[in-house]
Structures are given as structure tokens and as C-alpha cells.
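Next come two complexes, and both contain subunit A; in the first it sits with subunit B, in the second with subunit C.
Up next is the complex of A and B:
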């Protein structure tokens, strides 16, 4: 038995632990803040008010983008077999994003337009550097086309999101845009379905087989899904910009096909998995994945005003139902996975995953998260603010349970290390 | 997990499948039995499982780990991949004593049965073995097999596959 030289990890594809974990830690804190803002300040019956926008961006930028950035820095190199060029650049991205999200959210809450613009620019800068690092990692990689194809679309979407987001943030300060609704819609679609959705779809074809020990999902179906997802996104964004609902609906239909094909291929691979006893974390992952198509359907309903507040439901189901549920499921697995790999003591021992995971807290979180999801969704559609607020309280308690899971993981790693010096 | 294009990768994967099948059988048995109820080793399915545990675990240690450390990791190191192989070899070092102790307990139980103490020890070690080995296989399936496909040329791949098959 011999100790692992940490410098070999840095040279290899495993980043120093502080890089992914600083993103995950920040996401856990922003998750609590987002729900707190919804509980205390939001008036959802008035639509997308400043506090609602603040909560929404705490979730999208503070949680989703933060997890996606940290996870992709660590996981994409596993697929591309190329190291991330600079851990220090990853760290500086973290500071830009964290500072930017805080400034952006505080600016929205206090209606301080220059602070919103400054925060938006800072986050945009961080995410553009992220896009450059991801593109650098993807360049020249020709195998695993389903993963890298989705990652490319995500990277390009990210650049477009930041360009549009920067324009919108600056418009708040200087007010130079006439009609900004088409840009806001395109920005939202690119951020959720483009950047986050594509990254989640691509990485799920590596992560889910790895967690379940199954063979890779069908590449043929994956390529078809990639084509549907890419074309669907393009049409939906174009439809948003030129205000053509039928074009957007066509994009949505293609997106549904893409999600369906990818989901089908993942389920087929999962059925043939080697590991029969899979952990609890698969429940939020499958729940989130199943809510993706539902969110598109609600978006289509919103396009044609099929029921009241369908637009709000679409945003809710996309951000919280699909992406947040899915990503928190992934996060509750990759955090102990990485922690265990980084916890080798000088004596050569590493903790067991079961020693690190406080699964009771993740179960508590999931129950509270689902209650929040349903209650807020119903409250938005039925226009019952009390239901929205009660749901948000449940979401806040769930976020605290998830933070407890993260803290317990940290505490258990520390205890393991101190007991095995 | 990736599509496996190399010959030696396919052989290692076959070994992983066999190991996982046994580990899952062992896990189900240990969870169902609990640590408080020593099983009757005269019971045929129990005896068969214990024989498999001692045989496959010994096999895994002497052949699979030995092949990787003696032939595969040096070939990968020559191709420039050292961080991952050092990590996996380090894990072998953690799994090996657990596996050997478990194999020893299984052989001892086949001869003399379990005492409440030896069963408790077997139960705890067995669950640890299941978790450590499956987590290890997960990393090999994810990282090692992909690295073989990417870094080992077809001729070296064929040589390694032959060496692995000879050791079987």
C-alpha cells in the first residue's frame, strides 16, 4: 500500500477538491437564499416582480449555473480525457460568479439598477470565461459525440445567454431598448434549455451509466436526440426573437422528441445495469428528467394561452421541476463520490461512501422539495398566494435539509481524516 | 460507461461483471441475514456462496489486481497516464487486505461454521468489501477502460489481452 501523491491528481483529470466543492458549497447557500427571498418578499400574484426575479436568478445563476460549472470542470475532462487548463482560472470564475450573483440579487431586491448591471456583467464575465475553458476542453475531441455535441451547444448557448443577459442588465441601468420581451424570452430559453438543459442532457449520458454501472446508452438514439435538441432550441429561440409562437411550438415539439429519445435510451441502459441496488439519489434524478417534457408542454400551453398563468408554470417547472430537481439529485451523489476520492489519508485509507452520506437528510429534502414544487405550481396556476408561500416555506426547509447533508458530509470527512492520521 | 473497443478492456469488463454478480449476491445475503443471525453453513446455497466468495475474491486479488499492477498500469504509465493508475493501485492496496481477511473467514466458516463473533466480523467485512469493490469497479469502468481505449495501441492491446487470458 502506498500513499497517493496529490500532485498527481492535479496533473491528472481529478481537480483539486477545493475547485468543484467551492461551486457546490456556494450553490447550497444560494439555494437557501432563493427560497428565503420567495418566502419573505415575493408577491407571485403580481407576476415577475423584482423579488421574484431575484429568487429566480438566485436559483438559475446561483444554484443551477454554479453546480453546472463546478460539475462540468470536474466531469467533462473525464469524457474528453483532457485536463482543465487552469484550476486557478476556475477559482477566479467562482469569485466572479459568486460576487456577481450576490450583487445581481441585491440589486434586484433593492431596485438598484447599477448594482444589477454590475452583478450581471460580473456573472457574464465569469460564465464567458467558463465557456472559453469548456470550449478549450472540447476542441479536438471527436469521440463521445453525444456528450461533446450537447456540451458544444451548451457552451455556445452560454455565450449567447451572456450576451443577451449583459444587454438586458445594461438596459436596466441605461434604458436603451424598446421592446425587451423577445430578448428576455430568448435569454430564458437559452439559459435553461440551451446552457443548463444541454449540459444536463450530455453529462447524464456519462453520469447515469456510471452511477448504475450500465453500458453506455445507444449512440444512434443519442445522435438523433442531439439533432432534435439542437434544432429545437434554434427554432424556439428564433421564434422568441421574431415573436412567432408557431415556430416556438415547433422548436418545443422537437425538444420533446429529443428529450424522449434521450430518456428512452437512458432507461434502456438503466434496465440492463450491473448494479441492481441503486441509491435514493436516482429518485430525484428520474423525477427531474420526467418533468423536463412536462415543462415543455406547459410552455406550449403558455404560447397559446390554454390556461391562466401557464407562463409562470412553465418557468417554475423548467427551473425548479426539471433542472433543480435533477441537478440536486446528481449533486447528492457526486459530492460524496468526489469527497471519498479526495479523502485518502497518509495511511492509505479512504472512507466508504455509506459512511459519508447522511441519506436521511436527502430523503427529507426530496419530500419537502416535492411538496414545494406541487404547492407553488398549484398556487401559481390557481392564483392562491398563500399556497405559493406555504410551498416556498417547504422549499426553504428542504434547502436547509440539503445544506445539512452537505455540512454532514464535510463533518464526516473531517472526522474520518482526524481518526485516520 | 463507455463502449469498450479494446480487447483487454473487454476482458477486464467480463471480470467486473462476474465480480459484481457475486458482490450483489453477497450483499443481498448479508442484508437479509443481518449481523445478529449467523447462517447455517451446511445449507447448500450458503456453502456455495462462501465457496464463491473465497474463490472469486482470491482470484480477483491474485489475477485481476496483479495483472493490472504488473502489466496494464506500467503500459499506461508509458503512454503518459500515471495519476489515475496510482489512484487505482492505491485502492487495490485498500481492498486487498479486506478481501484476504474475508476470504480467510469464508474458508474458516466452510470448515467450522460461524460463531456469533466471526459472523459479525464476516458481515461487516462483507458489506465493506461490496461497497469498496463496486466503487472501485465503477472508477475502472469509467476511467480505466476509457484510458485503455484512448492510450493503448492495438498491438500492445493484443499482447496485454494474451497475458491476461494466460493468467486466467
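Up next is the complex of A and C:
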């Protein structure tokens, strides 16, 4: 019988590999740039200076949003059973976001207001089109409510993030806002806990069981987590906008419940997993997941001024401790997984994942990342700039190790294809 | 025909043996349950060397797991409501 080319099957077609991997590749480069800016230019003792803001946005927009966007285009259809409508639109989003992040960061570094505004608008456009594509993919889908529910909140948060981000970027250029702190806080909460956090929570209920070969976690607990997460986000953002710390704290408490319920349901599902040895990449995933609640607690501490620089620690733990650690763990696994699927031969073989993954580099990255996390975090709380800078150097070396992992994956896939296709 | 129930009470896979080997129908199941049902069948001692999968879409995420276990796959024509795969433990087709 004539073998059928798997990539030609319309019911299960993957996006062309260049779509997710261009986002992942850009994220790897922005990851290096973010640490480099922190090493060379940041003066953390002066708070959120422009270089610190540049590094922060290189991480949030350049790394987190890039990974989330590329991964959702490829992985959300697993839940919705519908492919993303237009690969070309995905590619144009990539160019808008990449150009926008670069302009935005360069504008902040050079204190060029119009460049910040232009970059912000470009990124906002890219992410709004992303939101439209995600909403289009989610519309009419009632399967897997825990995944799609979180994805809906993420999509709506993204629209709100971009609306607020656009206003803030234009305000940098034209200075029309009176008090901008409530908007900045709401923008940050929606970007991290809304867009990124909800997407990570929802997709993790499919992805992590798939990685560990376990059944999906309890839908009942997932629905309760979804309710807690959604309500918590709403209260926290409302509290930020009306400057009511108790309302924000209530939102944070609900967020803690949501994370706890989701984590508990995943742990229960994992107890019955088929794959007993889950691989090194689960260490950053669990570390990141564990730091999620810690970041909320530090946020609560910041609300009530429980210790100095708690606000900076909250930002650090949320962006780097929770989201970056978690997403880089996921990225370590989905890059070879997707590369393997895209390298399927017409004779029904893929490269072995173990042959694609240069685990030594991921271990090096994780060690350096944890050193950076602890050193910068301690430096921020204790106000020791040297500690922050040394931590940033460790982060930079870790980012280079991660880039080496990506490059090695590319090289190994090329070798498999040249030998088998 | 054997019905394998998933512990969470979601849709079940149907497994039966025919002349051409074991068949498993995972249509209607939510991910990752189809992958687990198929891999569980492959790990059974009497799974044989040929399994026919009836799926509602191409299980692209299954392929790396099949390779890890020394199985090949090929898509074959099925009816309109399914994607049919033949999994084989033998040498590549």
C-alpha cells in the first residue's frame, strides 16, 4: 500500500515548522539581550529606571509573549481541534512583535520617546492580531473547558494589556496622563497573571500530562481553579485601578487558591503517570510553578509595605521566578517534541527525543538561572547592586547555554533529515 | 470487543482483535487520553506487532512516543469520520 505523507492529512495538520520556531528563536535571542542589558546598564538601586524597564520588556514581550504566542498557535488547536486560520498572519505577527520589541527596547535605552511609542504600538498591533486569531480559534469550542476557559481569559487580558500598554507608550511620548501608577500596575497584572499566567495554566493541563503520559487532571478541580483565577484577576486589576490594596489582596488570595487547586490536580494526575522518569525539564517546570504562589505572597507583602523593596521582588519573582523559569522548562521540551514531529519521515519514523535534546546544556542553564534568580532577588531586597550585577552575569551565561541548546537541537534535526529524508 | 474505561469517567476507548491485529478506537476522547490508551495497548504483552488505530484526527503528538518504543506508523484510508493508522513493530514500511 502506498504510504500517505502525514503532513498532508488535513484533519491533523501542524502549522509549518517555521511558524512556532521563529517565535521560539526570537525568544532565545531576546532572552540573551535582556540579561545583557541588565549586566551592562541596569542600576537597580534607582528602581525602575529606563534600562531596567528595557530589560523587563525584553523579557516580558521578547521572551514570555513570544513563547506564549508561538506555543499557542501550535498547541491550542490540540484542545480546540481547529488549526489556526492563517500561517501568514502568524508570520506577520512575528515581524510586528520582533520589530516592536526591538524599537521599544532601543527607545527605552536611548530615552527616545517617539521610538518607545512606535515600538509599543507595533507590539500592541501584533498582540491584538494574536488575540483575534486566538479568539477565532476558541469561538464555538465547548470541549476542554479548563483549557479554553483559561485561554479566553488570557485572550481578553491580552486585549486589555495592549489597550493599557498603548496608552502608556503614547503617554511617554506626549505626557497626557495625570496619575499613571494605577494604569501601570493594572497593565502589569493583566500581562503577567492575565495573559501569560492564564495561558500557562490552561495549556499546562494538556501539555504536562502529555509530557508525563498521565491522564488529564480533574475537570472539577480545574473548573474551580478557573473560577478562582478569573475572579482573582478581576478583583486584583479592579483594586489596582481604584487603588484599593485590600481588594487586590483578596484577588491575590483567590489567585493563590486557583494555583493551589490546579497544582494539586496535576500532582494527583501525575501519581498515575505512565512515564516514571519524567526528564530533567520537569525541574524548571515545577520550580517555576512553585514560585507562582511565592510571587503572589511577595505582592501582598508589597501592598502592605511589609519589607523594603517588596515591590521590586514581586516583579522579579513574577516575571523571572515564576513565568520565565516555567516557560523555559516547557520550551526545553516542546522544541524537540515539535522538531521531532516535523521531521517525520514518510516511512513513519521520527528522531528520538533523547537524541535531539542536549541535556547537559539545559542543566547548565538551570543552575545558572537559579543562581541569577536568587542573587538578583537578594540584591534587590537588600539593595546591593553588586549582587544584582553578578546575578545578571549568571543569567546571561545561562541564556547563552539555553541558546546553545536551541542551536544544538537545530543541528541534530538537520543531521537526522539529511540521513533519513 | 473490550472497552477500556478511563479513571476520570471520560469517554472510553474500544479495543478489539481482528484478523489483521488489534484495533483501537479512540474517537471522542479528549487529549491526552487517546495517546495513553494507544500506548497502554502497545505495552500489553500480547499487543502483537500490528495495531490499527481509529482516531478523529491525526495524532501528531503520538509519533515521537511511538518512535521511542520502536513502533512505526502509516496513515491508511479509513471511512469519512476517522483518521486510520496502522502501527507496526516491524521494520519500516
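Everything that follows uses one rule, which is that the second predicted complex is superposed on the first by the 403 of 421 C-alpha atoms of A that agree within 3 Å, B and C clash if a C-alpha of one lies under 4 Å from a C-alpha of the other, contacts with A are read in each partner's own complex, and residues count from 1 in each chain.
One rule holds in what follows: a contact is a pair of C-beta atoms (placed from the backbone, for glycine too) under 8 Å apart; a residue touches a chain by one contact, two chains touch by 3 or more.
Quick caveat: nothing in here was measured; it's all calculated off a predicted structure.
In the overlay built on the shared chain, the residue A:351 is in contact with subunit C alone; subunit B does not reach it.
Applying the stated contact rule after C-alpha superposition, one finds that A:382 touches neither subunit B nor subunit C.
In the superposed pair of complexes, A:340 makes contact with subunit B and with subunit C alike.
Look at A:218: by the touch rule set out above, it reaches subunit C but stays clear of subunit B.
Legend: residue contacts after superposition of the two complexes on their common chain; A:209 is shown touching both subunit B and subunit C. Residue contacts after overlaying the shared chain place A:40 against neither subunit B nor subunit C. Looking at the shared chain after the overlay, A:272 reaches subunit C, while subunit B stays out of its contact range.
Once both structures are placed on chain A, subunit A residues 1, 3-4, 9, 11-14, 78, 81, 143-144, 206, 209-210, 213-216, 219, 274, 340-341, 344, 348-350, 352-354 are touched by subunit B and, in the other complex, by subunit C. Note for the complex: subunit A touches subunit B at residues 1-5, 8-9, 11-14, 78, 81, 143-144, 206, 209-211, 213-216, 219, 274-277, 340-341, 344, 348-350, 352-354. Those residues of subunit B that touch subunit A in the shared complex are 1-3, 16-17, 20-21, 24, 27, 81-84, 86-87, 89-91, 93-94, 96, 128, 131-132, 134-135, 137-139, 141-143, 146-147, 150. Residues 1, 3-4, 6, 9, 11-14, 78-79, 81, 143-144, 206, 209-210, 213-216, 218-219, 272, 274, 337, 340-341, 344-345, 347-354 of subunit A touch subunit C in their complex.
Here subunit C touches subunit A in the complex through residues 6-8, 10, 30-33, 35-36, 39-40, 43, 56-61, 63-68, 72-76, 83, 88, 92-93, going by the rule given at the top.
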